[in-house]
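This report concerns only the one structure given below.
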Amino acid sequence: MTEHAPVVFERPVRIRFAHCDPAGIVFFPQYLTLTNALVEDWFTDSLGIDYAHMIGQRRVGLPIVKLECEFARPSRMGETISLALSLVRIGRRSLDIRIVGRGSDGVRFAANQVLVTMSLDTGESIGVPDDIRAALTHAAAHPIHPEHEGTTP
Amino acid sequence: MTEHAPVVFERPVRIRFAHCDPAGIVFFPQYLTLTNALVEDWFTDSLGIDYAHMIGQRRVGLPIVKLECEFARPSRMGETISLALSLVRIGRRSLDIRIVGRGSDGVRFAANQVLVTMSLDTGESIGVPDDIRAALTHAAAHPIHPEHEGTTP
Amino acid sequence: MTEHAPVVFERPVRIRFAHCDPAGIVFFPQYLTLTNALVEDWFTDSLGIDYAHMIGQRRVGLPIVKLECEFARPSRMGETISLALSLVRIGRRSLDIRIVGRGSDGVRFAANQVLVTMSLDTGESIGVPDDIRAALTHAAAHPIHPEHEGTTP
Amino acid sequence: MTEHAPVVFERPVRIRFAHCDPAGIVFFPQYLTLTNALVEDWFTDSLGIDYAHMIGQRRVGLPIVKLECEFARPSRMGETISLALSLVRIGRRSLDIRIVGRGSDGVRFAANQVLVTMSLDTGESIGVPDDIRAALTHAAAHPIHPEHEGTTP
């Protein structure tokens, strides 16, 4: 992955009772559910591409094909962590993103994800639709943080 | 349940991809996960009782012992629904609440829940701690909506 | 609900780390996810109605419209509990079932559920399809336990 | 990761309604919940180390610190897929495993995971306890499949 990936979207998220396991810390698949919600919010609230409409009406899906994740420190119930999303690469039929979760003591987890654009009718990958590509390109050109935070862990 | 249960707490919640099932609507156990998060927010943000601290440090749990739920209309990905919580009764070792989820077309679901205060160390029910009782009593006296919305379905 | 509801299907289920919360016991919405899986298995393995085919190809859904649940004792990670399903009533467009979870110390939870048959294409309730009705009727006549275990809690 | 990682544990798992998303396929965090359950079963049923006892009584946790995952083909509700676990490396304070999910059409997903042994009381990593190391070493010497299936994806 490229070393240059400024943050294009960021949201706080509160860690819930339901996210935590008997060890009292976030159960790791829950982090990935949170990253999925972050992508939804990024599309709908920032890119201007309504995620639910994209899935439900346009029948364009965004399945993950590759995931690399490091879990650096545990997160606990009641904490609010920040999730920052970087757009690493816009491919022909895919996009590479990086999501970093940070708490008061630093990075909690970092995930690199490759998402492909797929027709939910045929199950086949498709080229990134023009409007989505335009929105992604615009986002890449307008990061919310100037510093580079998407370096591979 | 009493017919008088004005709303004491209310929050919007966005329906996520992860909440929905292959029929494209909220998978019903997810509604209950959402009601649990609502109770957390009510305690922490409105009652002034830090929920995570209550569970983790004070070791006071709030398990559910009784649940009645009606699912009136489906909710779909991308929608924002409103969750309204009414405090129906403050018992000696329990509280009765009612949570109603509403979308643009009216009630989506309504849940009556009996929660008991429990020592997480002994696993035994305990009297509602004084500070929690005081906060609940104050909340009951200061509903956010004057109308009665907690009538049994 | 009727007092006569002999058990028509039963399965053991192991309580997982992922089912449990920071209090070390099953997080209650997880019980409801387990009851949903039990209904799937009942249809597919006992009634001879392939649940996935029913949803995916026939587009017949089985959403819940009413739920009553009592949580009597906690269940802990590593335990195997038994889930017993009783068919309480076969309606015109619905069925009433009761699911009781039992551990070594007795009943853990009991849930009464009303499920409606719905067209997933129109979102409208439909009459219980003939083959499903026949399978349900056969099941009701051939309980696996003679005793009545479906009494309302 | 080493290229030699014969399978030491294998289990079928049925894909549930609750695992699937509005696209009708497994929601990817659910795969990771399934891999966690596989590790539990491996410990309890094959290694002879009761996982729940290890967590709850011995207070030894097994958090994940590194995850690499590829999602090759979707899995659908009602399918039974096979999960095969390979033990890639036994470290001083960690173990590397690889889990491959296969359906009738081949590999669905493959996950490389690094798990560390941790004291749940102190939150610090600890050396792999002797009995667990012995069980892992025995497992590594007695794979259930002679062929190598744990090659890095």
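Residue numbering begins at 1 within each chain, and the chains themselves are lettered A, B, C and D in the order written.
As a working rule, contacts are C-beta pairs under 8 Å (C-beta built on N, C-alpha and C of every residue); 3 or more make two chains touch, one makes a residue touch a chain.
These figures come from a predicted structure and were not determined experimentally.
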item: Interface residue identity across copies subunit A, subunit D - same or different by half; value: same
item: Between the pairs B-C and A-C, the one where more C-beta pairs touch; value: B-C
item: Identity of the chain that, by mean CA position, is farthest from subunit C; value: A
item: Distance from subunit B to subunit A - Cα centre to Cα centre, in angstrom; value: 30
item: Distance between the centres, which are taken as Cα means, of subunit C and subunit B, whole angstrom; value: 24
item: Inter-chain centre distance, subunit A versus subunit C - centres from mean C-alpha coordinates, in Å; value: 36
item: Per-residue overlap in subunit D, given as positions that touch at least 2 other chains; value: 17-18, 22, 24, 27, 29, 33, 36, 55-56, 77
item: Interfacial residue positions of subunit C with respect to subunit A in the complex; value: 17-18, 20-22, 24, 27, 29, 77
item: Interfacial residue positions of subunit A with respect to subunit B in the complex; value: 16-18, 24, 33, 36-37, 40, 44, 50-53, 55-56, 76-79
item: List of subunit D residues in touch with subunit A within their complex; value: 22-23, 25, 27-30, 32-33, 36, 55-56, 61, 63-72, 74, 120, 123
